[in-house]
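Next come two complexes built around subunit A: one with subunit B, the other with subunit C.
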Partner chain A sequence: MHIMEGFLPAAHAIGWTVASAPIVAYSAWRVKKVVDENPSTKLLLASSGAFAFVLSALKLPSVTGSCSHPTGTGLGAVLFGPWVMPVMGTIVLLFQALLLAHGGITTLGANVFSMGIVGPFVSYFLYRAVRSSGGSLQLAVFLAAAFGDMATYCTTSVQLALAFPDPAGGVLGSAAKFLGIFAMTQVPLAIAEGLLTVIVMNILTRYSESELRSLNILDRGARA
Partner chain B sequence: MTGILKNNKVLMALVAALVILPLALPIAGEFGGSDDQAEGVISEVAPGYEPWFSSIWEPPSGEIESLLFALQAALGSGVLCYYIGYRRGQARRKD
Partner chain C sequence: MHLPVVSFMHLIDRIAHTNRWSKRPTAEKLAITLGGLAVCLAGPALTTGPAVLLLNTALALFAARLPARVYLAVLGFPVGFLLASAPMLLVSLDFADGLSFAWRPDQLPVATALVARAAGAASCLTLLALTTPVHAIVPSLRAIGLPAFLVEIMLLTYRLVFVFAETVASGYNAQTARLGYVGWKRSLRSSGMLAAAFFQRAMDKARRMETGLAARGFEGNLAVLPEDGAAASKARLAAIAAGLSALLVFGFAAERFLNV
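Coming up: the complex of A and B.
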């Protein structure tokens, strides 16, 4: 999903960086707050970041005959709320930009915006919506992770469309082309990401009950 | 639905199927990166566009690149699995 180095015109690259930077700074403050207020969840927070690290390293084949990778940001967004994820996403994207020539420094702001901000927020709000309308934890986590993943790739498509409008169809025409690549390829991968996130959540409900209660994922008092 | 979603063995089988199916089905495609396809669209709608910045460092070969991708996955799963094993051990002790 990463927009490659140099593949956004300078004005766009700067614009997305300016948009993302304060959010990442606030996110860093929120991560510190979570760790200070609830030190027992520190390991779980690190594990949520680690989950994003693994998943975004896995380039999986899709039915479109091309490959892409999941993002893994839904788990942390559901567990700790969306504000901890911009920092996590930035760490993953920096690793890939500096060591793998995947993504880039000039496109970091845009990529953080899609993967570290839009995806996690979509995940979080979808999770809240499904839970508050009586959906099970598993269903809520599945939908949150899968649609957060899709939202990230749709954002990337729109970012590219804004930078490269189609000469005939304009931004919309161009968006359709980028969505045709990114969103189509991503559908089965988003489902896989949803399922993998549920697998981890199932393990957590078994062995990390007290943490899930303190994070209000499980009702305080009730059995899972 | 929730019944299936609570069964990790079934979920793992479904994930495996999702990954294997595209390779097993007669799909036309070289399984290259979708990023590269996007690059193709860019050169189509904006033929004159030249990337104005290139990566500071690039893995010198496909082998080194796969080494670093494997490292990324190993670091991530290492931390995650350490945590799960740690909590599992704690939960067992309590029983």
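Coming up: the complex of A and C.
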């Protein structure tokens, strides 16, 4: 759900950058505390960031027949905790712009807002809510990943609607238009990513206990 | 390597390292491309957008001598998407009396302005991505206040992206050879297994690097030698600024002239 380079007018590009900046800065401050205490977490963070970047290169089969790529926001939020994601998401999105010419620099703020902030937090809170109310790990992971994707795509639609309000229906009409267009591709993709994330987490909980435990260090207290 | 995204990334990175501008001072390339982005967003889209697009294309093909095929392919992705999505702006949706759709040709200027601005901006990003390796861009982010620990993490991430991409691409090939991507259900299962196996590898890599560095007395700083490229010349930076300002002025003038 990247907004491409130059798609947003100047005021919107700056506005979304200003909206994302404090959250990314706070996230960086939290990451710095962890790194200061334990410098070797730098390697864990870089590994996790590279993992998130390369994960998005995998193919995600969609029922519509086309192939797309997972966003990994849900998996990232569950594995690394939501407060690592704004920083990690910014790094990944910047690298996607510089290494794949995907997304953009002027739209980095808007993309960080939807994919590095809204998506992961929705995922994380859903995951916590389902787990604490006694839901199974599979259900929690599925809902977290699928609705993290949906939240990201709704945010993008609103961002586009604010930049390009409908001449008759205004921002609301425009939002409905963008949501409708994206729904055709994004709803099946969100379901596919939800299923994919469940498969990944199933394998990880069975075979990767120690790796999962080593991640606790990235966001202490956030995970039970 | 059959994962298209991975091949695409390798292509961009290879060109970024081997074009005529690879060794040019990063500050100059950043000034041209980020300045170009600013001009695209600040100026009147209809005139500055195409002007920036033309300028960047000329620089890419004749100054940096990028292969035309690669430049057009990398620029073609976002521009194709742009041409497909801009017509959506001509369809209007209204809730005033029930749901109604309308074809609004009067929105054509909004859509054309969008195409002009975004195409110009996309050419700036393409030029930057294809002329400047990431390891040259990231340290220069120190200048805009990015903390040192983040620069270190980003440089490590950059290196690991390529290490991991190889792991994932070979895993993907092995799965494809065993018909792992035939059919929807099997594709999903294969992707899941690949991601999980890859996660283990990534965490294992991090742990081994930690141990390796600890054994060498790691205290928290990953010192690397900076590449000694030529320093940015103040005169050239000033010339770039002047050129881009002239482009902006030209954009406003051309807009006024065309409207009259």
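Definition applied: the second predicted complex is superposed on the first by the 172 of 224 C-alpha atoms of A that agree within 3 Å, B and C clash if a C-alpha of one lies under 4 Å from a C-alpha of the other, contacts with A are read in each partner's own complex, and residues count from 1 in each chain.
Here is the rule we go by: contacts are C-beta pairs under 8 Å (C-beta built on N, C-alpha and C of every residue); 3 or more make two chains touch, one makes a residue touch a chain.
All values derive from a computational prediction rather than experimental measurement.
By the document's definition of touching, of the two partners only subunit B reaches A:68; subunit C does not. When both complexes are overlaid on chain A, the residue A:129 reaches neither subunit B nor subunit C. Judged by the touch definition given at the top, the superposed model places A:142 against subunit B, while subunit C stays out of reach. Contacts of A:105 after superposition: both subunit B and subunit C are touched. Looking at the shared chain after the overlay, A:18 reaches neither subunit B nor subunit C. Of the two partner chains, subunit C is the only one touched by A:42; subunit B is not.
When both complexes are overlaid on chain A, the residue A:10 reaches subunit B and subunit C alike. In the superposed pair of complexes, A:91 makes contact with subunit C only, with no contact to subunit B. Judged by the touch definition given at the top, the superposed model places A:188 against subunit B, while subunit C stays out of reach.
On subunit A, the patch touched by subunit B and the patch touched by subunit C overlap at residues 4-7, 9-10, 43-44, 46-47, 49-51, 53-61, 63, 95, 97-102, 104-106, 164, 166-167, 174, 177-178, 181, 192, 195-196, 198-200, 202-203, 207-208. Interface residues of subunit B, counted against subunit A in their complex, comprise 1-2, 5-6, 8, 11-12, 14-15, 18-19, 21-23, 25, 27-35, 37-39, 41-42, 44-46, 49, 51-59, 65, 68-70, 72-73, 75-80, 83-84, 86-88, 90-91. Remark: subunit A residues 4-7, 9-10, 13, 28, 31-32, 35, 39-40, 42-51, 53-61, 63, 69-70, 75, 79, 87, 91, 95, 97-102, 104-106, 164, 166-169, 172-174, 176-178, 181, 192, 195-196, 198-200, 202-204, 207-208, 211, 214-215 touch subunit C in the complex. Residue ranges of subunit A in contact with subunit B, taken from their complex: 1-7, 9-10, 43-44, 46-47, 49-68, 95-102, 104-106, 136, 138-139, 142, 160, 164-167, 174, 177-178, 181-182, 185-186, 188-189, 191-192, 195-196, 198-200, 202-203, 206-209.
Residue ranges of subunit C in contact with subunit A, taken from their complex: 3, 5-6, 8-9, 12-13, 34, 37, 40-42, 49, 74-75, 77-78, 81-82, 88-89, 91-96, 100, 102, 104, 106-107, 110, 114, 117-122, 124-126, 128-129, 134, 137, 147, 149-150, 152-154, 156-161, 163-165, 168, 172, 181, 184, 187-189, 191-200, 202-207, 209-210, 213-214, 218-222.
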